[in-house]
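There are structures below to look over.
Heads up, the next two complexes both have chain A, just with different partners, chain B and then chain C.
Here is the complex of A and B:
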């Protein structure tokens, strides 16, 4: 079981990596807990989560090879 | 199944005014159009203390952004009576004074063109995973926030 995590913008400034491989997490809550433990600065910024390119609002079960994107507030245009 | 037509939205660097003029000219053979509405987003030289923004560097979550642009496009055709629409957004560096976004809607009557254009711009700012990093004259930078 391995999850692909993608980071963007301010989140990449914190993780210093644009993509991470995270093993053995069952759902997005577990993943976020782990990421915030590894990168405490994440707790101080706003971000949303997309699983396989779809925004999620609630804890979501993850499957092997799912892609979870950690998205800071959008600022296009 | 209806095939999903891919519309190229992202442009490397600024959107050239000649490109915009050409986009307008291309519609001259669609003679049922009575109104075009264009929104052009331009990079502004915001000032913070003695520094000012000299450029914005745009990045995106490309695959998701393409899907969102497609969804926005489909919704616009559902909600407004449009003949055609085009969206172009810059990626990479765009200097202050240059264009980074073009939304171009065409309809039989002006209300549809204008309302659709406005709705599309709002959706792009809110829903599309694109980020702008403001580059200052002293080479500092900060992530842009949308109002």
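Here is the complex of A and C:
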């Protein structure tokens, strides 16, 4: 079981990678917990989560090879 | 030039099979408002004017600065210090004099937003801050106007279309379905601090104009219920589909009167950091505007507070009383020490997500200390 994680904007600043591989997580809550443990600065910013390009609002089960994208808001114009 | 056919200038697009003079007529009739004549606004304005959109409103209260010229392509060195909206309209008018360019050299606020936006068919958001983005989003929802969203930072941009029903699925989404609440002010970067490669807003702003033209003319598939993230460095486009948030999470003002009373600066600023207000903030707020102050202590609890006027609603009957509250003003709730009032604010926000309620940090005890101190120190300060 492996999940692909894509990062954007300030999330990439924190993870230092635009793409990560995360093993052994069952759902998005577990994934976020793990990421926040590895990258504590994630706790201080806001972001939205998409599973296989669909924005989610609640905990979502993950399958092997799913792609989770983490998108922060920004407001430059 | 008067003798030329009105379509001649647009020949290269009217010759397109899916476009023709029918689409051009729709552009002639269309009214588009561009919020912000900056990095995104300039290219969007230029291409909308080039395409022949009949009325293009320009709203911006900023003046042109030297550091704008790296990306804001409508302005020259000699324009520095002059108002963006006016200069943009003047340049565009000489470029395409057949178009009307209403100029709004004002800050977009709840009190003027609805009367400005209701004159337009579609809005392009090229603003550079969260309060304006949430305000534009909410105003478009209330007035049922499609909104073409775009934003940039460093080498990344986002593009989307909100409040436009997807004819295939019937679904309708907005910015708050992605980001229900603004980020903490301390956690976000602006282009001033973090930078932006000048060509990037050129790309995203031009794409916003393209989406507007698609929506107006009905060609192709607009990006409704989706946002696209574009990374200039890697040339990657990543598309996200959005679904409407459940009503329970929806915290936007649902009526015009709620909208008029919604303080976007506050929503995106201090209020985001916590639901607590310090004594200093409370004092400043009280001087600035009319607020509702509520004491939730039980009758007879001491000390008696005579420094401010307030309404007394004891906690024991608070829940039944809240439904009759007027949610027009900001509310500051206090108790003895500032603990119970936090619970009261939480309850209020659950029942009325758009109300602006704050708990007074430290409660009456802190307030008494503050007034005691300021009454002692004020003669010295004033001397």
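By definition in this document, the second predicted complex is superposed on the first by the 73 of 77 C-alpha atoms of A that agree within 3 Å, B and C clash if a C-alpha of one lies under 4 Å from a C-alpha of the other, contacts with A are read in each partner's own complex, and residues count from 1 in each chain.
The rule is short, and it goes like this: a contact is a pair of C-beta atoms (placed from the backbone, for glycine too) under 8 Å apart; a residue touches a chain by one contact, two chains touch by 3 or more.
Note that this is a predicted model, so its numbers are computed, not measured.
Comparing chain B with chain C, more residues of chain A are touched by C.
In the superposition on chain A, no contact is made by A:21 with either chain B or chain C. In the superposed model, A:57 makes contact with chain C only, not with chain B.
In the superposition on chain A, A:76 makes contact with both chain B and chain C.
Within the superposed three-chain model, A:9 lies in touch with chain B and with chain C [touch as defined at top].
Once the two complexes are laid over each other on the shared chain, residue contacts for A:44 go to chain C alone; chain B is not touched. Across the two superposed structures, the residue set of chain A contacted by chain B and also by chain C is 6, 8-10, 50, 53, 69, 71-77. Of all residues in chain B, only 41, 58-61, 63-64, 67, 89, 100-101, 121, 124-133, 143-146 touch chain A in the complex they form.
Contacts from chain A toward chain C in the complex involve residues 6, 8-10, 18, 44-46, 48, 50, 53-55, 57, 69, 71-77. On the side of chain C, the complex with chain A involves touching residues 36, 38-41, 125-130, 133, 150-154, 156, 158, 177-179, 181-184, 187-191, 194, 196, 201, 229, 231, 234, 238-243, 245-246, 249.
Those residues of chain A that touch chain B in the shared complex are 6, 8-10, 50, 53, 69, 71-77.
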